[in-house]
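Handing you a structure now.
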Amino acid sequence: MTSTTPLPAPALQVAHWLNTPTPITLASLRGRVVVLHAFQMLCPGCVSHGLPQAQRLHQLFPPEQLAVVGLHTVFEHHAVMGRVAALRAFVHEYRLSFPIGIDQPDGHDGVPLSMQALRLRGTPSLVVLDRQGRVRLHHFGPIDDLQLGALLGQLVGEPLPAAHALPAADGCDDRGCPLPPVATSTTAPAA
Amino acid sequence: MTSTTPLPAPALQVAHWLNTPTPITLASLRGRVVVLHAFQMLCPGCVSHGLPQAQRLHQLFPPEQLAVVGLHTVFEHHAVMGRVAALRAFVHEYRLSFPIGIDQPDGHDGVPLSMQALRLRGTPSLVVLDRQGRVRLHHFGPIDDLQLGALLGQLVGEPLPAAHALPAADGCDDRGCPLPPVATSTTAPAA
Amino acid sequence: MTSTTPLPAPALQVAHWLNTPTPITLASLRGRVVVLHAFQMLCPGCVSHGLPQAQRLHQLFPPEQLAVVGLHTVFEHHAVMGRVAALRAFVHEYRLSFPIGIDQPDGHDGVPLSMQALRLRGTPSLVVLDRQGRVRLHHFGPIDDLQLGALLGQLVGEPLPAAHALPAADGCDDRGCPLPPVATSTTAPAA
Amino acid sequence: MTSTTPLPAPALQVAHWLNTPTPITLASLRGRVVVLHAFQMLCPGCVSHGLPQAQRLHQLFPPEQLAVVGLHTVFEHHAVMGRVAALRAFVHEYRLSFPIGIDQPDGHDGVPLSMQALRLRGTPSLVVLDRQGRVRLHHFGPIDDLQLGALLGQLVGEPLPAAHALPAADGCDDRGCPLPPVATSTTAPAA
C-alpha cells in the first residue's frame, strides 16, 4: 500500500486553485515537506477521514516546515463535481483552509492529468514529498494518524543538502530557471 | 430542542423523488411511524451523523412498522446542490437507499416550501410522526441513537385507533383506492 | 445471539450490593422494564461499551419506567476482581450510579450462581425483562444503541395486565407480602 | 500542558516489573527515544486513551528506535490497585505487551516515588525522552495521535552525538564529562 522509493514527483497540472492567491508548484515548495492529498468531494472516505486529517495537519505544522496541498481529482460524476462552484461551496461548508487545486481534466471525462502522472489508484490518496521534493510515501486509502505523524515528524527533521537551498535544481519554476547543480549530494552530512 | 405536541404534519411539497418508483405522501404512510430527515448534501453534520443514522433506521426497522423519508431541503448554495444530478451522485456514493424527496424550491433561492411548512430551523432536522400522522418529535441538530431508538420503539408499539386501521384515508396509494372515512380529521390540508 | 422467548427470569443471587440502600429483587421491579447488565471490571468490552451504555440508559429513562441493574459476574481472576473494595473503587472511578450486585460466588472460583442460572455465555451480557418480568432479550457481546433503544422503547410502552399492577405476585419484597393473584394473565389485552 | 526544556529525566524507582525479564533503567535505553506512560489501572482516561495509544506506539516503531515504558503510578485506591496480581490480571486482559514498572510506593499510601521525582500531575501522563535521555515532552492528559507521532518521528530522526553512541550512558557527552558513578542503584530489587 505504501512505497518509499525516493523519486521526484511530477509537476502538478491544475485547472484552478482555491484558498491561494497564486498558483502553487511543487518546485516552489522545495525545502518544505509536502503532503499532497488527492480527494473527490463525493468520496465518503475522503470526507470522513482524509480531508479532516489534512486540515489538522495544516493546523498542526508550522507552514515553513510543512505544506498541505489538496488536489481535487475528479474521475467520476464529472458533471456534478467538475464545477468550480461545487467545489467552492464544499470547501466553504467543510471549512477547509489549505490550498486546493482542481486537477486538470483529460478532456474526455476520464482520469485527470495529475492523477495520471502521480499514478494514483483512487481517492483518498496521500503523496508525501520530502524537503528535496522526492516521494517518500505513496498511499491509497485511510492512513493512521500516529503512523503519518511519525513519518512527517521525521521528514521535517531531515537536514536539507546545501544544493537544495538554492532555487529548484531540476527545471524552471515560478522563481526562474536555475542552472543545474554540479554535484547534488542527496544525503545529509553527519550532524 | 424537541417538541412532542401531537399536531398533524403538513403535506410534503416535493419537486423530484429518488429511490422510489412513485411519489410518496405522508398520508399514504398512515399506520406506520415516519422518520422525516431533512438534510443538505453539503451539510457536514448531515453527512457525518444524520444521514448514516437515517440509513441505519431504514435497515433496522421492518418497512411495515417504520418509514424513513429523506428531504433535501436546499436553502443555500442552490446553484450547486439544487440540481437533481448532484443529489443523485451523492446518494449513489453514500449508498443511501431510503426514499429522498427534493424539497420544492421557493423560486427565489430561499427556504424551500416543505422546510417552511414544517418550520425547520436548519439541517440536519428530524421530524417523527406517529402512526396517526401526528408530529411527536421536531428536532434540529444531532440526536443520540439511544434516545431516538427509544422513542421510535415506543411509537411503533402504540396501538392504532380503529379509524386509522383502514387503508389510507385521503386517496389512492399502492394498497388501492379506499372510500373516504366519515369523520377522520387528523390530516393536514395542503399548504 | 438474541432470544425473545418470554420466560420469567430466575431470581438474582447476590453476595453484596453497591449503589442501593437495600437489596434488589427482580420481583420488586415488576411493572418496570429491567435491563440486567452482566460485566467484569477487567473485561475490556464491558468497560469500553457495555457499562457506558448501561449508565446512559440509567440517565435516559425515568426510573419508574426502566431499571438498570448491574451484575458483577466474576468468572476469572477471582482473587483480583472478587473483592468488594476493588469493585467499589472501580465503580467510583467510572462514576457508575445504577445499582450493582456482586454475583454470588460458587465457592470454587468457577462461574457465579446468577450467571449460571441466567445461562450467560460471558461478559458483557444483557438480559432485558419486560414489565411482567419475562426475558425479552438475552444477548452476549456489544449491542447497537439504536437497536437496544428501539426494544426498550417498545417494552416501556407495553400495557401491564391488571394482575401485575398489584404488588409483586410471587413473594415478599420491600413493598410487603401480597396475597398470590388468582389468575395471572401474562399477555396484554388488545388495545 | 507541555514543556520541552531539555533536562535529563530522574532515574525510575520501580518495585516490580511486568513484561520484561530484567529491570529497565532509563540509562540503558540511551540512544533510543523513550515514551514513558504513567497510568493507573482504574483511571478511565488511561484505559480509554493513554494505554491503547502506548500499545500502538509499541507496535508501530521498531524497538531499536523507540522504547515504550509503562509506569503504574498508584496514588489512590492503594489497597486495590497496589497489588501485583491486580495489575498482572489487568495487563493480561488488556493485552498490553510493553514493559510496565510498578512505581515504588512512598510507604504511606501517598504519591509513589518516580511520580514525585518526575513531578507528574496525575494520570495519564506522558514523558518523552530524546535519544540523549533528555525530557522533550512532559504532558498530563490525553494527547492527539498526529501531534505525538510528529514529535516522535522528529526525535527518532535526530542524530546522536558521538559520545552517546558509547555503551556507557553516563560518560562524556555534550554536557561535559562526569565522574563515573561508583554504584549505580537506580533499579529496584525484585519485589
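A few comments on the model shown:
Labels A, B, C and D are assigned to the chains in the order they are written; within every chain, residues are numbered from 1.
The rule is simple: a residue touches a chain if its C-beta (ideal position, glycine included) is under 8 Å from a C-beta of that chain, and two chains touch if they have at least 3 such contacts.
Computed from a prediction, not measured in an experiment: that's the story for all the values here.
Of all chains, the one whose Cα centroid sits at the greatest distance from that of chain A is C.
One finds 37 Å separating the Cα centroids of chain A and chain D.
Between chain A and chain B the centroid-to-centroid distance comes to 42 Å (mean Cα coordinates, whole Å). Centroid to centroid, with C-alpha atoms defining each point, chain B and chain D lie 55 Å apart. Across the assembly, chain D contributes no residue in contact with two or more other chains.
If touching chains are joined by edges, the resulting network of the protein chains shown is one closed cycle, each chain touching exactly two neighbours.
Contacts between chains, counted with the stated touch criterion, involve the pairs A-B, A-D, B-C, C-D.
On the side of chain A, the complex with chain D involves touching residues 53, 56-57, 60-61, 144-158, 190-191. Interface residues of chain D facing chain C in the complex, by the touch rule stated above, are 42-44, 47-48, 77, 79-81, 83, 85-86, 89-90, 93-94.
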